[in-house]
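Pasting the structures in now, so scroll down.
In the two complexes that follow, chain A is the common piece, with chain B as its partner first and chain C second.
Our next item is the complex of A and B:
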């Protein structure tokens, strides 16, 4: 804020921000609120309980779905984040940066259901082709490679999450100067050592954020996953189908809240850690900053 | 003296742009060699190609007689100091300086000793525990120097190492660099576009422009006796008068310029009718009497520059010539007054490019 700006303009901007965040988060807070009510949604009387949180761990369908979702989230993160880092590194050195951004963000320009359906058709055709090739080669080893299931859902999630992870890593990489890598190379570091010793420590917060973001996106994703998952269920598909068929159960509220708590805790921890660390470094710098001659 | 660096017909293209165009340069071991030239002329590309950060399109880079054209920077016996932003911000000063030694797997006590010695050499003892952002610009550049020198490599590449510093600090650091090079005795190759910086530190200067090596020589040779028109225009404050040679006789050429005919020592390539340029350093031009005049014109203005004052005189064709004198010496004519200019017989130089 500059000295001549109206202070109410500044306050209004904060109020606007808080209003937007409150509007976005109110439904989530309401779900959390309901999840602690012994009488569930819509009851006239609110009785606080942790019972539903105990029950969710006995719900085999939900726990099974959660297990699959976690597995998908882990393997997706393992592929997506390194790929996003490589893409961001490429972006930094690319001459035509607009094209790199366009190509990497292109999956976002296609509606989720269209992309999911396209992948579904693609995998079915690919599977038929591989089966045909297998028959021709007199082997069945390729028959199940692209049958709808974990692998196809995994690929769908990788395509979905890479643009987001790329953007998150790229933002952190903005602070990093390529001269530092060159300086490391001049000191005798191989390309990998220069990356690991010099670049990675500086982009680590972005990489960690991209990991957290990718996991959260895997939990959020419904359309592509439901089309590509084949015979198993994920947390979101179970939740949505329960809601459509039976309405939200108390366990569903508790499970939704539990996952939201985890996500908020993960992201909040990263933000807090970053703030505390930067404050600590700033304090150290101020303490050491005695005037010295150049 | 042995040869530390040699480039042979070194060429580097970026698409249709020729950043380097067949550059041949030879740098002796232990020499302080400066690549001087305008921005975008190719001097940094040449330095980075020597350092292994660019692969040449054609030609060779030889370090101590070995062709290293295909080797990456970490395989070359060179250290490098960058213009700015090259310190590792997450490491302390000592960790920055010791990084290369750690890569070389030296024992930690040896690393600590070498780092402490090198920090003392560059005047940073006691600051090893600081982070780079806690240092001034000059100190940061000293850390870069220490980090490169501690590796005991015998060729140090400096890419505009003083460009980010203020004017006074740059002057101080220039002398420090020169003394440091004399102390460690290794080859320094320094890129700059600042001629004062180049002349302060250089044993030899090479002028690079449009991807080509224009001219090279000692600082005195390049300043006092430039062979090429470009050198005269870039180094020092030279008056440049374009014209045509009207006669060449007895080692004297006469050039008809827009301001009149000028006679001066000839060169081998001079021939009657050829286009030519005459350069005369402004500090050798003086306002004179009509009898001594080599050229005449109309007084325009004086520009006070502190130690010196520049008198600007318009010639018959509208071009201007500058006479630079120590401030406070001589009279200042009125603007519009007819004036005469003279210079020592050997001060004018003939250029045929």
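Our next item is the complex of A and C:
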């Protein structure tokens, strides 16, 4: 802000920004508020309780779904984040960037139901083809490769999360000066060593953020997973089926709030961590500069 | 050594190959499957335009057009509410804090879309948060019943679900706009409206366009929005596709998907020809 600008205009703009964030979050905050009410939604009297959260953790179906969701989130992160790093490195050196961007970011623009439907039919056809090839080769090894289940849900989630991880890693990589790699290579380091010892420490915050985003996105995803999962349930599919069958029960409010708390805690931790880290780096830089300054 | 080098180079192509096989190919094949013959539980190779005829000569077309109209309204509202935030963050927030402020808009986005949309029901319904607040403040004497289970509910859901994207894409686009431009314009006596209309909007056009396409396409494609907030009559392309899959009419589901893809890629191609959409990632290069 320049010295001649109206400070109230600046404050009003900040207030507007925070108002929009609060409005975007208000439905979630309201659900959290209701989840602690013993009498549930719309009751005249508000009595604080943690009972509904206790119910979630004693629900076997829910705990089973949580297990599946966590497994999916972990295996998706293991593939998505290295893919995002590889893709970002490829993008930086690619001659024709349009196609790389197009391929990696297009899933953002394709609605979940449309992509889920396309992938569902693709896997079913792929499965038919593999069974046919297996029959022709007199082997049944390939019969279940793309049967709807964990693997197909996993592939769907990788495609869903890659654009987000790619953008996060690419933005972090944008600040890295490639001359450092060139210098390391000139000193005799292998390509891997130059990446691991020089580049990776500098893009680590982006990689960590990409991991966190991927896990959260997997935890929250519903449409693609419900179409591609086959026989098992994830956290959101249980939640939605309960919501659709029984309406918003007190348990549904608690489940929704629980997932939201996890997501907010993860993002909050990332923001705090980057704040603390930048403070620490700043302090280190000031400490190094101090003898020179004096 | 040469082999290892080649393998290492090939590794960089892995994500692209994966996306080609499991994203581009299924999306492209929707056009092929949409002309297949429908069978009792599946479909078989053939050539028929029955699925398209089914779509274009029924109420589905009007529902699709209505969802496009509602999506357009959501795009305009998101632009009006969200883009000034991107400009403010770029212009007034110190450089070191800019990404953290933008991260604030990731916060609602990190909460499941399902939860956010479902959570709107108790907020918008007859005895929900909005009506209770309006009555408490004395603005209305009776609950407003025309919000939930109407197109208004769907538009509110779209705005609350997708607004962060216009902030993200707007912010990315604004990174390519030098800050001194604002000062130059002000020194030359241009009004705020004129600065936006003649300078900022043309410079940030790629980001605005990308964000708008995202909102528009998801508005007509996310089935949950009309399903949960729109009531019995509200339908969009995503809902038509999922309903077709439930009814085991796979060619119709694929025809709807193909129509959506043509709409999406047509818009992206147009946008790229007009604004060169890769410039959104320019600061990251």
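The working rule: the second predicted complex is superposed on the first by the 289 of 294 C-alpha atoms of A that agree within 3 Å, B and C clash if a C-alpha of one lies under 4 Å from a C-alpha of the other, contacts with A are read in each partner's own complex, and residues count from 1 in each chain.
Keep this in mind: contacts are C-beta pairs under 8 Å (C-beta built on N, C-alpha and C of every residue); 3 or more make two chains touch, one makes a residue touch a chain.
These numbers were taken from a predicted model, which means no experiment stands behind them.
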Problem - Fit-or-clash call for chain B and chain C when the two complexes are aligned on chain A - result: fit
Problem - Degrees between the directions from chain A toward chain B and toward chain C, using C-alpha centres, nearest 10 - result: 90
Practice task
Classify the contacts of A:198 with the two partner chains as first (chain B alone), second (chain C alone), both, or neither.
Solution key: first
Exercise for the section: Using the touch criterion from the header, give the chain among chain B and chain C with more contacted residues in chain A. Expected result: C
Exercise for the section: Determine, under the contact definition given at the top, whether A:214 touches first (chain B), second (chain C), both, or neither. Expected result: neither
Exercise for the section: Look at A:184 in the shared chain and tell me whether it touches chain B only, chain C only, both, or neither; answer first, second, both or neither. Expected result: first
Practice task
Answer with first, second, both or neither: which of chain B and chain C does A:83 touch in the superposed model?
Solution key: second
Handout entry: Overlay on shared chain A, then closest C-alpha pair between chain B and chain C (Å)
Key = 9
Exercise for the section: Name the residues of chain A shared by its contacts with chain B and its contacts with chain C. Expected result: 191
Fill in the blank from the handout: Counting only contacts in the complex, chain A reaches chain C at residues 1-2, 10, 13, 16-17, 20-21, 23-28, 30-31, 34, 41-42, 83-84, 86-87, 89-90, 92, 97-98, 100-104, 106-115, 117-122, 124-125, 155, 158-159, 162, 170-171, 173-174, 191, 213, 216-217, 219-223, 227, 236, 239-240, 243, 248, 252, 256, 259-260, 263-264, 266-267, 270-271, 274-275, 278
Exercise for the section: Sort out for me which residues of chain A touch chain B in the complex. Expected result: 177, 179-180, 182-191, 193, 197-198, 201-202, 281, 284-285, 288-289, 292, 294
Problem - Interface residues, chain C side, partner chain A - complex - result: 8, 11-16, 18-20, 22-27, 29-30, 33, 42, 81-82, 84-85, 88-89, 92, 96, 100-101, 103-108, 110-116, 118-123, 127, 129, 160, 163-164, 183, 213-214, 217-218, 220-224, 237-239, 241-242, 245, 250, 253-254, 256-257, 260-261, 264, 268, 272, 277-278, 281, 283-285
Exercise for the section: Flag every residue of chain B that touches chain A in the complex, lowest number first. Expected result: 51-53, 72-74, 78-80, 82-90, 99-100, 103-104, 127, 129-131, 133-134, 136-139, 144, 147-148, 151, 157, 169, 172
